Amino acid sequence: MGTLVTTVISVVVALGVIGGIFIAANLVVDRGSQRVEDRVRPWLFAGPAVLFMLFALIIPAIRTVVLSFSGGNRGEEGFTLDNWTSALGNDNVISFERIGDVVTSRLAIVALVLAVVGLVVARRGAAEEVAGEGAKGFDFGNPLASVALVAAVLAVLFAVFSTLRGVIWNNLWWVVVVAGFATALGLGLAVLADRSKNERIAKTLIFMPMAISLVGAAVIWKYIYDTPGSGQAEGLLNVVWPGPPIDFLRGTSSASSTGTIAPWNNFYIMVIMIWIQAGFAMVVLSAAIKGVPTELNEAARVDGANEAQVFWRVVLPQIVSTIVVVVTTLTITVLKIFDLVKATTGGAADTDVLANVVYNELRNGNFTASATFATMILLLVLPIMYVNIRRNRQEMFG
Amino acid sequence: MADVKLEDVNKVYENGFHAVHDLNLDITDGEFIVLVGPSGCGKSTALRMVAGLESISDGKLIIGDRVVNDVHPKDRDIAFVFQNYALYPHMTVRQNIGFALKLRKTPKSEIDTRVEEAARLLELTEWLDRKPGQLSGGQRQRVAMGRAIVRRPQVFLMDEPLSNLDAKLRVQMRAEVNRLQHDLGVTTLYVTHDQIEAMTMGDRVAVMSKGYLQQVDTPQHLYDHPDNLFVATFIGSPQMNLVLGTLDLGGADPHVVVGAHTFSLTPAVLAERPALRSHDGADVVIGIRPESLEDAALSDGRFPSTIDVVVELREGLGSEVVAHARLDAREPQVETAEKDPDAAFTGGSGVEVVARLDPRTTVKVGERATLSVDVERLHFFDQASGLAIRS
Amino acid sequence: MTIAAPPPVVDAPDEAVHPNDEKVGASVHRVLSAVPTTVLWALVVLWTIPSFGLLVTSLRPGSEQFGSGWWTVVTNPSFTLENYQNALFDPPGGSVPFAEAFLNSFAIAIPGTVVPIAIACAAAYAFAWMDFRGRHWIFIGVLAMMAVPLQMSLIPLQQLYTGGAHLTLFGTTFILFPDLDLNNKPIAVWLAHTAFGLPLAIYLLHNYISSLPKDVFEAARIDGANHFGIFWRIVLPLAKPAIAAFAIFQFLWVWNDYLLALVFLSQNRDASPLTVQLVNLVTSRGQGTELLPAAAFISMIVPLIIFFSLQRYFVRGLLAGSVKG
């Protein structure tokens, strides 16, 4: 209770003092000439925010980058590349050791089949359109062709990420799985909801996990994934799972020949994130779908399109930009994923991610190593940041 | 109350656009002046400079006997009525009207009486505790007016305040704004793009085009004696007809040749426009107001000059017939106000002329007709400069 | 129907649809149109089971929890509130009672929400309606910072909190930021949240405030309001929906945060919020495991109340904002 009261009092006092200074400064500026006023007033308003961001975001970010190029645990030794070379040279961080296995993996074969199917369908679609004149190019307007190709790409990525080991590969796997599945699921849910009764209640329930903490979500799913043992009951998934129980999070299994399902245990942690973020994708995409003018759908129907064609050729192209926003938002969120991994496995059993390494090195006092991994996350985020800024600039400044 | 003087006022935007050129305007105390012109002519910019919402690049603005170029809008003692009303959506009508007084630390009781007085004047009393979102367009407009009058300012500035109302309400509000202004006797500068509004409301009308003031005068004088082609074609609807003619004043019968027709110019015409003499033998632009044309069959030979035309469109309005017809004559290549949207046909040979005829006329679409021309009411303009040829 | 006109060939299939067939078609259509609803609700059930399971488990006595899954309550109902009571007031092994952690969470989340809003409103107004040098570039910086991972700030912020910031130029040392020894105090956490919340707050509020009609501000200027007056009497009241949307977004974010509390309160477990205490309980292995579901629900109750009562604003905030560092 004590902390709360002191905090509330100190916040009220702080806001009062800052507000008082702010108002007083404004009064002073009021008395100045128009020119002085135009110069000073904006900084009175924007200054506090700019200072805050300068001290807590910009300077720290620069310092962190500098730290990643400094020697010693705390950066006391001057410029060096050692942090980067030792991080990137570490097989636990990134390894290409089993890259040959990717090609021979079952997933790669599935991907190949899917790709062939997709291309054949697309080719035939193109042939139909230019009837008689000999097909040129591919037509990806057909749902089957696009879906097959997207699935093929996903399968390839899965093959890569489940074969190659290392924290960075893991992080990328997270991005692909969570951003991909949550967006796809969200889109499916949004379309379903659009045609369903009691849409609002259903959407609320699916959206609900967005409100709770990742830590809380980890606890919720613990009771789905648990193996029967000392001090815990069998999780729901193991009850319906055919075969002997598996510890889905730590990957230990008596079923597998090697006694582990790693690295696929990663996938079960990702499922928790998908469970949370699908609701986000659904809400945003649902709003976008409802934003497509009804006349457009009606016009397409009058033109002879069926439901699937209306969605695929009219609605979907209208909401592409929203889908991009959802994917980029999810990507940024997932690249920093920490809480879920920390609260489920703590990074053990091949499930480590960059943000967890950042924390562990920080706690162990290896500031330079921690800074190096933080900078890695920044590097992965940069392309998305660029895309975001460009999009916003276009919207705002034309 | 106060008079307002603009002396060589200029507005040049940062991007180099010169919106207002050397504007000179003298508004006497209590006068209602309308600034009119097509969109983008600089009229709103001029108004906003008077309000202090735009800085004045060059020149002097005087309200009362103060130069107020560098005075804050709030200290100029003016009130502004915006096109979109600019009511505060989160405040009630009462708070909206009283906001300026509240900021001036007027005692609460006085605010109340003044707000209620303004509300009574504008018949807003029963809406005082509503928010703007719950009001109709006309009511919002009144609230905007109320916000202006409650201040008892020296000057009213109004920026197209009626343009968002439907046609019927607009006519009604025109009268009401005029009555209010007259009763309060506050100097008013009113901006509009609607020349009918300008003609009906203003004590004087100032016509602007492309950043330049074209002419300031009473509405009737502006209509009867436009200084240049822009004013001539901007004021009046349907627009003044323009044809090219050649003056021949040498012989015993001074006349002007328009296509195959000859209009005899009476001594009265020439006496009123001595400058015509200097254009003898030259091409001049002749302006004919639609009401200066009559069906020759009905005019009992009052007007000896006539033109033969082919009728292309006949619009019966009940009180009159507006006929669009083609005259075999040369079209002047001059810059005028934007073409009347009523002008139905463009292109084709000859000149399209519009005539307002007596409803008894029998002219038919596709047939020839003879129209008589009231030569005394012709307008003559120099083809090169576009200026009226008068004295 | 007239018999005179021979039915065109193309229309033949349509002509074949007689009233009877139409009825069949309608019932088929009815069945088909029920498919989306059925599928959706099946997914809703799937989505809700994990949370529902935890809720049921939290109400079961420890011994039952360890022995059988929560679904067995159907045949063997046995409920207790003891877990909640123990978690709130009497957790095992000397860990912090969740009632205290609950207040700790508030002590971080309230200032972590109020302070950034106050600062961001002023800044958003400046970016939207004031002209000043560098405005464009600073705003682009704000956009960029929305995506910068907060991991980039952890170490430097920790050092700033305990060491302050100095700049030594020509032998003179300037104190840019005093050593306030903030680490391990709640203020360390909510100051960090304030900074990390600012970019999104400014972005959201700027978008909203810049869309307000310009003539309302001009009317206020003529009515005699200065910039502060316009800000206080016009902008803030009008921006209420945007402020509410961000407030909910930020409050949930801070309340649910784990990383910043973990880093900046590492030496002060007594001040730690719910998330940190919950993970401590997860990793404690053994002792007090039966309290875990109840503790988890205690940590979720405030977000859930906010979510269900203010969902409209929450969604609005989500739709308006794009990314958050």
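Labels for the chains are A, B and C, by order of writing; each one numbers its residues from 1.
The working rule: a residue touches a chain if its C-beta (ideal position, glycine included) is under 8 Å from a C-beta of that chain, and two chains touch if they have at least 3 such contacts.
Bear in mind the structure is a predicted one, so any value in this text is a computation, not a measurement.
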Q) What's the chain with its C-alpha centre farthest out from chain C? A) B
Q. Which chain lies at the heart of the structure, taking centres as C-alpha averages?
A. C
Q. Among the chain pairs here, which one is joined by the most contacts?
A. A-C
Q.
Centroid of chain A to centroid of chain C, CA atoms only: how many Å?
A. 15
**Q.** chain B and chain C: spacing of chain centres that average the CA atoms, whole Å
**A.** 57
(Q) I'd like the Å distance between the centres of chain A and chain B, where a centre is the mean of that chain's Cα atoms. (A) 61
Q: Mark out which residues of chain B touch at least two other chains, giving numbers and ranges.
A: 72
(Q) Where in chain A do residues touch two or more of the other chains? (A) none
**Q.** Residues of chain C touching at least two other chains
**A.** 226
Q | Of all residues in chain C, those that touch chain B in their complex | A | 213, 215-216, 218-226, 229, 233-234, 237-238
Q: State the interface residues of chain C toward chain A in the complex, per the touch definition above.
A: 33, 36-37, 39-41, 43-44, 47-51, 53-54, 57, 65-71, 100, 103-104, 106-108, 110-111, 114-115, 118-120, 122-123, 125-127, 130-132, 135-136, 138, 140-157, 160, 165, 177, 186-187, 190-192, 194-196, 198-199, 202, 226-228, 231, 252, 255-259, 262-263, 266, 271, 274-275, 278-279, 282-283, 286, 289, 292-293, 295-296, 299-300, 303-304, 306-308, 311, 314-315, 318-319, 322-325
Q) Of all residues in chain B, which touch chain C in the complex? A) 51-53, 72-74, 78-80, 82-84, 86-90, 99-100, 103-104, 147, 151
Q.
Help me check something: in the complex, which residues belonging to chain A touch chain C?
A. 1, 3-4, 6-8, 10-11, 14-15, 18-19, 22-23, 26-27, 30, 38-39, 41-46, 48-50, 52-53, 55-61, 63-65, 67, 189, 191-193, 195-199, 202, 204-216, 218-224, 231-236, 239, 275, 279-280, 283-284, 287, 325, 328-329, 332-333, 335-336, 338-339, 342-343, 346, 355, 358-359, 362-363, 367, 370-371, 373-375, 377-378, 381, 384-385, 388-389, 392-393, 397
